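For reference, the structure discussed in these notes is given below.
Chain lettering (A, B, C and D) follows the sequence in which the chains are written, and residue indices restart at 1 in each chain.
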C-alpha cells in the first residue's frame, strides 16, 4: 500500500488540537520540518512528548501550540538554555505550562510500556529522588518475589508520533542508522504514526538489508519525503548539524519578541519546508557537508 | 582487550556443575558446538534455559547434563518430537525433570527483566491460562493506575549465557543479522557470557557498521571462533540448515539406546567440533551451500 | 511457536498432507491442504496484518494477496515481515524468509510491540483440542499435568497471539470428538470468556477464535459468550455428521451454507504460482 | 543527559573554559579544564566501563586509555560505545561519534540493559548542587518547585547513572558554598544513603559519588553513611579555604595530600594528541 503523502496533508490528516504528540530523535534524525509544519497550521493545546528538548520545543511554545510538555531534559543540548521554556516554567510567562517530568530512563520506560500495551513499566532508579515525590504519576507496586516495592511509570501512548529517518520505501518500511534514540518505541506507542524521511527509496534497497528496518510498514500511517527535514540536527550519512543556529537560538530566545519575530519570518512567512530552506541561502548546507564512510556489506544469502 | 579463547577452555572456565545456562538462538545462529562441548566435558545438574527447544536439548538430556529446563516450546521445530525430553516428562524416564514452563512472550519478558536487573516484568497475556495456574513463579501485581491486576514473570539471570553469531572482533563486539531471537537480552541477562562466532574479523569490519553490533564488547567474557558452530541450524550468509539431520533425530531418539550410541560416537568420541565436523564427511556442507545476497552499503559519514 | 495445523503431533501431519477431501464437487484431485488453504484465504478478506506459521497459513496469506486482500502482510514469529521467499519456508525460522524481506525484528519487538502491542488483525493457530468457546490446548493430553499421557509442544507464542490479535483463525485438519471437546485437558490459550472468568490478569485485546476451518466445514463465533456455530459444510458433508464428530452439542446455523469449492483460478494460483514444487500441497 | 561539568548553566561554562588554575606548581599555562581532566583520568585506574558526557569526561577517559587504564571503554548516553571520533565531539549526540564506533545501541538497551543493568563501573556526572553525602541537584534552584528561581536541565540520564553505576565521579568546576551545600534545593539524583531513607523503590546498585574533582582539590567517600572527605588539595590551595567554600562542615582527612600537578607527558597527550584543536582545552 502506497502511504506516501505531502507533509502538509499528513499533519492536517493525523493531528488534532488537544492531541498528545511525540516528536522523538535524540540530537539526530529529529522531525524538525514536521514541528515547523505544526506551527504553520496553527495547532493549539497540544501536549508535546520529547525526551530531550531542543529548539523546536522553544519554537512550538513561542507559537502557542503547547499546553503541556512531557520530558526528561529541558536544555538546548550543550548550546545553552531554552528561554521560552524557562519563561513558561519559572514565571508562567505568558501562561503556565503543564510539565510532566521524568528522567531519560523513565521516558524510555513510558514509551516501552506504551509500545507494549502494558499499563506501566517498573523502573529501579527512582528511590529517594524528589522527582518521584513531585510527580504523582510515578507510583510503585509490591514485588511478589519478595524484594522491596518498586517504582513504576505509566504507559505513554501519544495520539500521534512523528519520527524522522534516513529512508523508507513507499509502504513505510523505515530504515535508520547512527544514533537511534527511542524512535522504534515511540513509533509503536503512537496511536497514529507519521514518518518523515530524507528520501523514499526503491523497496529493493530496503529489502537488501531487512535488519536495518527500525519500524515495519504496518505501523506507519504516512511516509513523507522531507529532505533536510532534521536541520539544524544532523542525519548520519546525509548532513551535519548546525551548531551555530542552535547557539544563536539560545541567545535570540532570551527576548520573547525576537522569538515571535523569528517565527513570523521563518515559519509563518514560509509556505513549506522548501521555502524555509530557501531562506537559509543556497550555500547554507555547504557547511554541513559530510565525508562518505560506507558500511561493509553483509551477506544475507540463504538457500537458493 | 583480547577475549579470544578456545571453546574447550571457554566452557571449562565459565561453566560449573549446577549452573543455569542459557543457550539461545531461534532456529538460526544456535550455539550447537558449545552444547556439544558441554556434553564432552561431562557437566551435570545444569538447568538449561532455551525458549525454543531442538536437538541439542534432547542431546544434553541424553548425556545427563540437565536436572532442569526453562522453556516455552519443546518440540523439534517442525521436524517432530524430542523423544528424550518426552520420556523425561511423560514417564520420568530415566528420572524426573524440573520443567519451568512459560510461553514465548513469558520467556522474552523473563530475559528482558534479567537484562534490565528488574525483579520482574509485567505480561498481559496470561489471564485464564492454565500455564499461569500451573507455574507458581507466574504471579501478579496490582495496577496503581486503576486497571486490573496484571501478571508478572520473574527475571531470568543465567549463570552463563552462550550465543552464536556471524562475527565478532577480538574484543567481543558481536555482529549478527537475519533472525535475531532473544540473543541480546539473554547476553545482557547472563552473569557470564560466551559468544561463539563463525569468524573473528578485523575490528575495522565491525566498526564500519556499528548499528549491526548486537552485543557490545564490555558484556562479553570470551569470544570463540567456531566455524559451522550452529550446524544443523543455519547461519544467514554462511550455510543453510540440515533438515535431514533434524528429522532423523526425531526418528532416532525414539530409542533411548540409540541416543546413547549417537552421543558416544559423535560427541564423546570426538575431541572437538572440528573432529565432529570431520565425521560428517567432507562433502556434507555442499548440501548446505547458499547463494550470495549482499546488503546495500549505507553511508555512516559525518563531519570530517 | 505458532502452531501450523499439522505441527501439533508429528505423526498426524504426514498422513494428512497427502489425504484428499471427500468433496465430490471440488474434484477428487483437491487435497485437504488445498481445501483448508482456500477457505482460510477467503476468510482473510478485509484484514491487513496476519500472524502465521509456515505451511498452510503462509500459503493462505499468499493466496489472499493474489485474491481477496492484495495489501495483506504476514508477520512471522521469528520476527520477519514482508517476506518474499523464493520457495516455501520449511518453518517459521527458516533463513529462506530473510533475504528480500521488509524487516527482521528482534523477539522483544515481535512479542512486546507487535503481538502484545495489538498490531495483529488475524493470528492463525492450530491446536490439539478446542472447546465450544474457542479455548485451545497445545500443551498436553491426559489428566496428570506432571506426567501427561502425551506431552505436546506447549504454547510457543500461541498465548500471546490469542491475547493480542484482534481475531484468531483456527485451522483443524481433522474434525473429531477427540479434537473438538467439551472440556480441554489443559487450557493453553484462553479465549476472552475463559479469561474473563479468571481472577487476575489483563483482559485479552481481541475476540479470540472467530473462524474455525476444518476438513468438514466452517464455524464462526464473534461475541465473548458466543459458542462456535457451524455456518457452512463442504460439499457432500452431512451437517449431522459434523454434530456427531463434535464433543459438545454443536450449534448449527439456521442459515447453514455449503461452501463454494476451490475455483480453478484459486487452484491454479496455489499449484502453479505459490507452491509449484508442491512442497506443502502434496 | 549526562551533565558535563559545564552543562548545568550556559553562562558559567564559557568563562570557566578559559579560566586558568591558580596553581603555581602546575605552571600558569595549565588551564582549569586540563587540571580537572588530568585528575579525573588518574582516578579511573582499574576501571573498565565508563558512562560519560562529552568534553572533560571524554578527554579524561581518552587520557586514561593512554595512561592508567589502557582497556577502559566509554559508553555515551546516545548509545555509542567504542567511539573513535576524528575530532572532539560537541555533545553526546554528535554524529561524529558514530563512524568507526564499535556499537550504537538503541535507548532501550542503553538505559535498561547497560545503566539499570549495572554494566557501568564509573559514571561521570556534573551538578548544580551537591551535599555532603553526594546527593545531586540538576533540576532547579529555588524554594518553589513549581516556579523555581532558575530552572535547570533536569535529570536526563543522571538518575539512572547514579542508581546503576558502581561509582559516580563528580566534576565540579567551581567549589563554592552555593554549589557545595548543606541542603539541596531539589534531590535529582540521590545517593544510597538518601535512597535508603526513602519508603519505596529499589535500592541503588552502586556506591553513589565516590570521587569529587574540583578546582580546589579532591574529595572521596566510599561507604553509604560516609560523608565526603577532603583528601587532597591542588598545589597552593589552603585547606582552610576549601572548608570555608563548603556549605557544610567539611571533613578533612588527617592524611591530607597535595595533588601532583599534571605531568608534561599528560599535558602533551592532551594538547598534542587528544585535543590538538583545543576545542575543549581552551
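Assorted remarks:
By definition in this document, contacts are C-beta pairs under 8 Å (C-beta built on N, C-alpha and C of every residue); 3 or more make two chains touch, one makes a residue touch a chain.
Quick caveat, the model's predicted, so the values are computed rather than measured.
Listed by label, the chains touching chain B and chain D alike are A.
For the pair chain A and chain D, the distance between C-alpha centroids works out to 28 Å.
One simple way to say how far apart two chains are is to compare their mean CA positions; for chain C and chain D this gives 58 Å. The geometric centre of chain A is 40 Å away from that of chain C, both derived from CA atoms. Residues of chain C in contact with two or more other chains: 80, 94-95, 98-100, 104, 108, 112, 116, 164, 202, 205. For chain B, residues touching at least two other chains, in rising order: 112, 116-119, 123-124, 140, 147, 150, 177-178, 180, 184-185, 208, 211, 234, 236, 240, 293, 300-304. Interface note: chains touch in the pairs A-B, A-C, A-D, B-C, B-D. Listed in rising order, the residues of chain A touching chain D in the complex are 26-28, 51-52, 71-75, 77-81, 85-86, 89-92, 101-106, 108-109, 112, 123-132, 134, 140, 147-151, 177-182, 184-185, 234-236, 240-241, 243, 250, 293.
Every residue of chain B that touches chain D in the complex is listed here, in rising order: 1, 112, 115-119, 169, 171, 173, 184-185, 188, 203, 206-208, 210-211, 213, 216-219, 300-304. Of all residues in chain C, those touching chain B in their complex are 1, 4, 7, 9-10, 54-55, 77-80, 90-95, 97-100, 104, 106-108, 111-112, 115-116, 135, 139, 145, 147-160, 162-164, 186-191, 194-198, 200-205.
Remark: chain B residues 116-124, 139-145, 147, 150, 152, 154, 166, 175, 177-178, 180, 205, 208-209, 211-212, 234, 236-238, 240, 290-304 touch chain A in the complex.
For chain D in complex with chain B, the touching residues are 48-49, 71, 73, 75, 80-82, 84, 86-87, 94-96, 98-105, 109, 112-114, 116-119, 164, 202, 205.
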